[in-house]
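I've put the structures underneath this note.
In what follows, subunit A forms one complex with subunit B and a second complex with subunit C.
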Partner chain A sequence: MLLSNLEILPNKRVVKHLGLVQGSTVRAKHAGKDILASFKNVFGGELKAYTELMQEARDEALQRMVAQAESTGANAVLNIRFATSSVAQGAAELFAYGTAVVLEER
Partner chain B sequence: MYDLILLLVLLSLGYFFGTYLEKKHYKSILKREKELKSILLFDTKLIPPELQASGGQMVVGHVVVSIDYFKRFVAGLRKLLGGRLKTYESLLDRARREAVLRMKAHAQESDANMIFNIKFETASISKGARDTIGSVEVYVYGSAVKATQ
Partner chain C sequence: MRFENPEIEDGINVSKEHPLKEFSQLLIGLLVIIVVAVLVLSYSVGYFAQKIPFSYEEKLVSHIDALNVEESAQQKKLQALADRLSAKMDLPEGMKITVHYSNDATVNAFATMGGHVFFFKGLIEKLPSENALAMVMAHEIAHIKHRHPVVAMGKGVTMLTLASFVTGASGSGAGELLINESMTLGLMKFSRDQESQSDLTAVHALNAVYGNVQGAKELFDVFSELSDGAKKANKTTANEYEIFLSHPRTENRWEKLRDYSQQRGWNLKGETTALDFRF
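Let's look at the complex of A and B:
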């Protein structure tokens, strides 16, 4: 499965359009990690636990999108975008969407 | 009295560690920016047709950074008067540059030398609420392409 946020890929041709596919996940932060992060808040710097958490969540959203694309028989998802929205205090929704297509070498 | 001592301790910890960590971070950013200079970034969608390009796999980079106690305190004072919040400016600058570097590193792994259609996303985790962590997430993504000019 080729994932790209371009509309037109070099040396490739779209042979079939399969429409919008999407995947989302809602994640809350881990209380224990939150305490550690609040210590970090005194010193400043990267919050590695959060970086990992957000990455996991985005991967999950992407995976769901890919699963949907696979079920329609696509071999690529083009023009992918991400969106984030906060649902409640300490929870966030991560959303990925794109267009599923069948690509062919040109 | 104890509150005041605690505040001063937190402020000085924030000042010394925060300044040290920021300097260290900037040093590493500058070093890696030099190393990855050969990868060109574009925020255009279309790859110029005169380029011999191949690939197009999405690459991402992101980071969550936190502000230190001292800077947050200074920004709080600054808010009374208005104007530039320099302490937050450097936080966002570091976050964006770090995220871009991580994206570039991903692109380098797949042997690409250009990244097209770059999009930035910035999310505040605390939204400035009291007693929460003052931190910001920067997410950047694009499509890595191997091209010869």
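Let's look at the complex of A and C:
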């Protein structure tokens, strides 16, 4: 599966447009990490637990988007974007979306 | 370029699993964590509470007005009995037993923080002899000797702290307990193990002072009569006889003590001293 932010890839030709595919997830860390992060807030610095949380959420959202693309028979997702929103305290929603296509060598 | 808009498979972004399944898993997980936390905490608090010096315990409750001794003839007699018994119970150094007497009809006696023991007129009236009274007294002193009140208080405070932590309650229940401790002094619950430990220590003292354990037999006979009477009158024992609230009444409490005494060759029967209480 080819994933790209571009709309048009060099040396490739879109032969089939399969519509929008999207993946989203809302994740949280366990309470222990939330408490640790609130301590870290006092001293400042990287909240590693939350960096990790966002990374996991992006990966999962991307995986789900790819799973949707695979189910439509695409071999690439173009013009991928990410969006995020806050649903609950200490939880992050990550949303990845793009256009599923079938690409061919030009 | 051809355009298509195929149906996308369900269940990729939103799980098809029934939410109750996850809920029950989480609930079980949470319960296991709570049970383990409670066991570990209550065990370790119980262990460390015993190490708190008795003088700290005394200081902690020294400001409570209810623990000021109201002197009376009965109080002095009870205090003298307590002193006789505690002399035979090798209490740790610095441990002082203070006896309080209340003219209340409540059938109860209890030991609490700081070496204070409370006796109610209601209980003493039901007792047939000084020996039976000595058994109750020795039992309550044994609680203090084994530091049961401070352990119970420590466990109570810990559990309330844990509960307010888990439920996220803003008003700390533990703080309230400490503030209202004078109200909860009499409500301290000891475990079954603590009760039987105190029974055994008490019967030792009883034998050392009187040369027989007749008082224990008489005491448990009174308890049986009281609870049978309450059952017949179709009343809950709890309302009328508070002693059953704070002391889980087990049928075999006396049997255990009888076997224990027989093993040591103590006299089960003997002379009893009359109870010279004037009300």
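Here is the rule we use: the second predicted complex is superposed on the first by the 105 of 106 C-alpha atoms of A that agree within 3 Å, B and C clash if a C-alpha of one lies under 4 Å from a C-alpha of the other, contacts with A are read in each partner's own complex, and residues count from 1 in each chain.
Note that a residue touches a chain if its C-beta (ideal position, glycine included) is under 8 Å from a C-beta of that chain, and two chains touch if they have at least 3 such contacts.
A quick note: this is a predicted structure, and the numbers were derived from the prediction, not measured.
Colleague: Once both complexes are superposed via subunit A, do subunit B and subunit C end up clashing or fitting?
Modeller: Superposition result for subunit B and subunit C: fit.
Colleague: For A:Leu47, decide between first (touching subunit B), second (touching subunit C), both and neither.
Modeller: A:Leu47: touches subunit B, not subunit C.
Colleague: State whether A:Ala92 touches subunit B only (first), subunit C only (second), both chains, or neither.
Modeller: first
Colleague: Spot which of subunit B and subunit C makes contact with more residues of subunit A, would you?
Modeller: Touching more residues of subunit A than the other partner does is B.
Colleague: Using the superposition on chain A described above, determine whether A:Ser71 touches subunit B (first), subunit C (second), both, or neither.
Modeller: Touch status of A:Ser71: second partner only.
Colleague: Which partner does A:His30 contact after superposing on A: first (subunit B), second (subunit C), both, neither?
Modeller: neither
Colleague: Looking at subunit B versus subunit C in the superposed three-chain picture, what is their shortest Cα distance in Å?
Modeller: 14
Colleague: Go through subunit A and flag every residue that touches subunit B in one model and subunit C in the other.
Modeller: none
Colleague: In the complex formed with subunit A, which residues of subunit C make contact?
Modeller: 1-6, 8-9, 12-13
Colleague: Applying the document's contact rule, which stretches of subunit A touch subunit C when the two form their complex?
Modeller: Subunit A residues touching subunit C: 14-19, 21-25, 64, 67-68, 71-73.
Colleague: Where on subunit B is subunit A touching in the complex?
Modeller: 10, 13-14, 17-18, 21-22, 25, 45-47, 51, 53-58, 60, 62-69, 71, 91, 98, 116-117, 119, 121, 123, 125, 127, 129, 133-135, 137, 139, 141-143, 145, 147
Colleague: Considering only the defined contacts, which subunit A positions touch subunit B in the complex?
Modeller: Within the complex, subunit A contacts subunit B at residues 2-12, 34, 37-38, 40-48, 50-51, 54-55, 58, 80-84, 86, 89, 92.
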